[in-house]
Amino acid sequence: MAVSIVLPIKKVFSLVDSKIVVEIKDEKRKFQGRLIAVDEYLNLHMDETAEYVDNQRGRNLGTVIIRGNNILTISPLI
Amino acid sequence: MAVSIVLPIKKVFSLVDSKIVVEIKDEKRKFQGRLIAVDEYLNLHMDETAEYVDNQRGRNLGTVIIRGNNILTISPLI
Amino acid sequence: MAVSIVLPIKKVFSLVDSKIVVEIKDEKRKFQGRLIAVDEYLNLHMDETAEYVDNQRGRNLGTVIIRGNNILTISPLI
Amino acid sequence: MAVSIVLPIKKVFSLVDSKIVVEIKDEKRKFQGRLIAVDEYLNLHMDETAEYVDNQRGRNLGTVIIRGNNILTISPLI
Amino acid sequence: MAVSIVLPIKKVFSLVDSKIVVEIKDEKRKFQGRLIAVDEYLNLHMDETAEYVDNQRGRNLGTVIIRGNNILTISPLI
Amino acid sequence: MAVSIVLPIKKVFSLVDSKIVVEIKDEKRKFQGRLIAVDEYLNLHMDETAEYVDNQRGRNLGTVIIRGNNILTISPLI
């Protein structure tokens, strides 16, 4: 079971200090911003956060904590 | 993995005694109030809480405990 | 991190034996009744419980256990 | 914190071998049957289970395991 | 509290290698197939799985892992 | 209870480095891609990920972390 050693959360840890895109479950919304901190539940602390609704830039949210269980996906911003 | 030492919850702890905005998952509602206490599940104890529906101020709720898993985001009130 | 010592659940414990209002996530329903017991998941044991739909008093439910994760908020009845 | 000693789950344990009504979150459905076993997550093992939709008796389900997190309330059948 | 010794998951363990019906929360879908393995979260490993939508047989899914928290009920196929 | 030794997650571990299909709860969406890593919550780290909406190929997502609780099913790509 050596494959389990590299956990998915390790990938998220590697994204700290860089820009990420967070897709919310069941909502046509995404958050884009800089990842400051993450924990084992995938709770995220972000800043410089902007909301995107249907891929249109929405509000600037600045500093925000997102509850992990409501996140569908986390990706590096490309 | 030193980056994981500063957990997202630390940011929420730093907001105790100040005003916060809590966005609820799947509902067009927010709660605004003073954060009294928080635990590791992001359960919140707030007072002086007011409800906002579609950014319109609604009911005054006073003292309220919010279950963490139903929270989408927590932000400092600016 | 001394602020974390007073947990949100302590507030709920303090409400045992008194009347509370429980708002359910995603439903226009509330339960109002006397809090008998609560655990760390915010599972609640209530009695003398009445259901409120859109702020209209509905069924009398009597004794009921409510699963914590489906609770949005818990408040003292004022 | 002596009040926390009598946990909500104790009430559910006391219902083993008797008839209960289980209300499902977000669905206009209830399950009525005999409680065989329960665990700390409120997962339930029931038999002689019948489904009720809008208070109309529906299918007989017989033996069923219900996942605790999708349960809204558990009550004794009166 | 002797009643708690026979846990609901024991019933599910007893169904390994036999045919089961799994009802999904909030979806008019069921999965029917052979249970290969189950864990304490009620995550299921099934094979020979077929999807049923509104009681009509749908796609053959073959081998599938189902996340426990999205399961409403598990029953033996009768 | 020997049957419980082969856990469902073992099946998912065996899929690391191969192509999988991930069905999302409550959304008509699937993710197809290569599984890089998985943990005990079924959080997934995938790459070469493509989105499918109603079985139509959608966006290329590349690298993505998917939160386990929002996953309905995981299957090997056949």
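Order as written gives the chain letters A, B, C, D, E and F; numbering starts at 1 within each chain.
The rule is simple: a contact is a pair of C-beta atoms (placed from the backbone, for glycine too) under 8 Å apart; a residue touches a chain by one contact, two chains touch by 3 or more.
Not measured: the values here are computed from a predicted model.
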{"item": "For chain C and chain E, chains touching each", "value": "D"}
{"item": "Far-end chain from chain A, centres as C-alpha averages", "value": "D"}
{"item": "Farthest chain (mean CA position) relative to chain B", "value": "E"}
{"item": "Centroid spacing, where centroids are CA-atom means, of chain B and chain D in whole angstrom", "value": "32"}
{"item": "Cα-centroid distance, chain B relative to chain E, in whole angstrom", "value": "36"}
{"item": "Overlap residues in chain E, where contacts from two or more other chains coincide", "value": "10, 25-26, 69"}
{"item": "Pairwise touch network: line, ring, star, complete, or other", "value": "ring"}
{"item": "Traversal of the chain ring from chain D via chain E", "value": "D, E, F, A, B, C"}
{"item": "Of all residues in chain D, those that touch chain C in their complex", "value": "1, 3-4, 6-12, 25-26, 42, 68-69, 71-76, 78"}
{"item": "Of chain B, residues touching chain C in the complex", "value": "10, 13, 16-17, 24-27, 36-39, 43-45, 61-67, 69-70"}
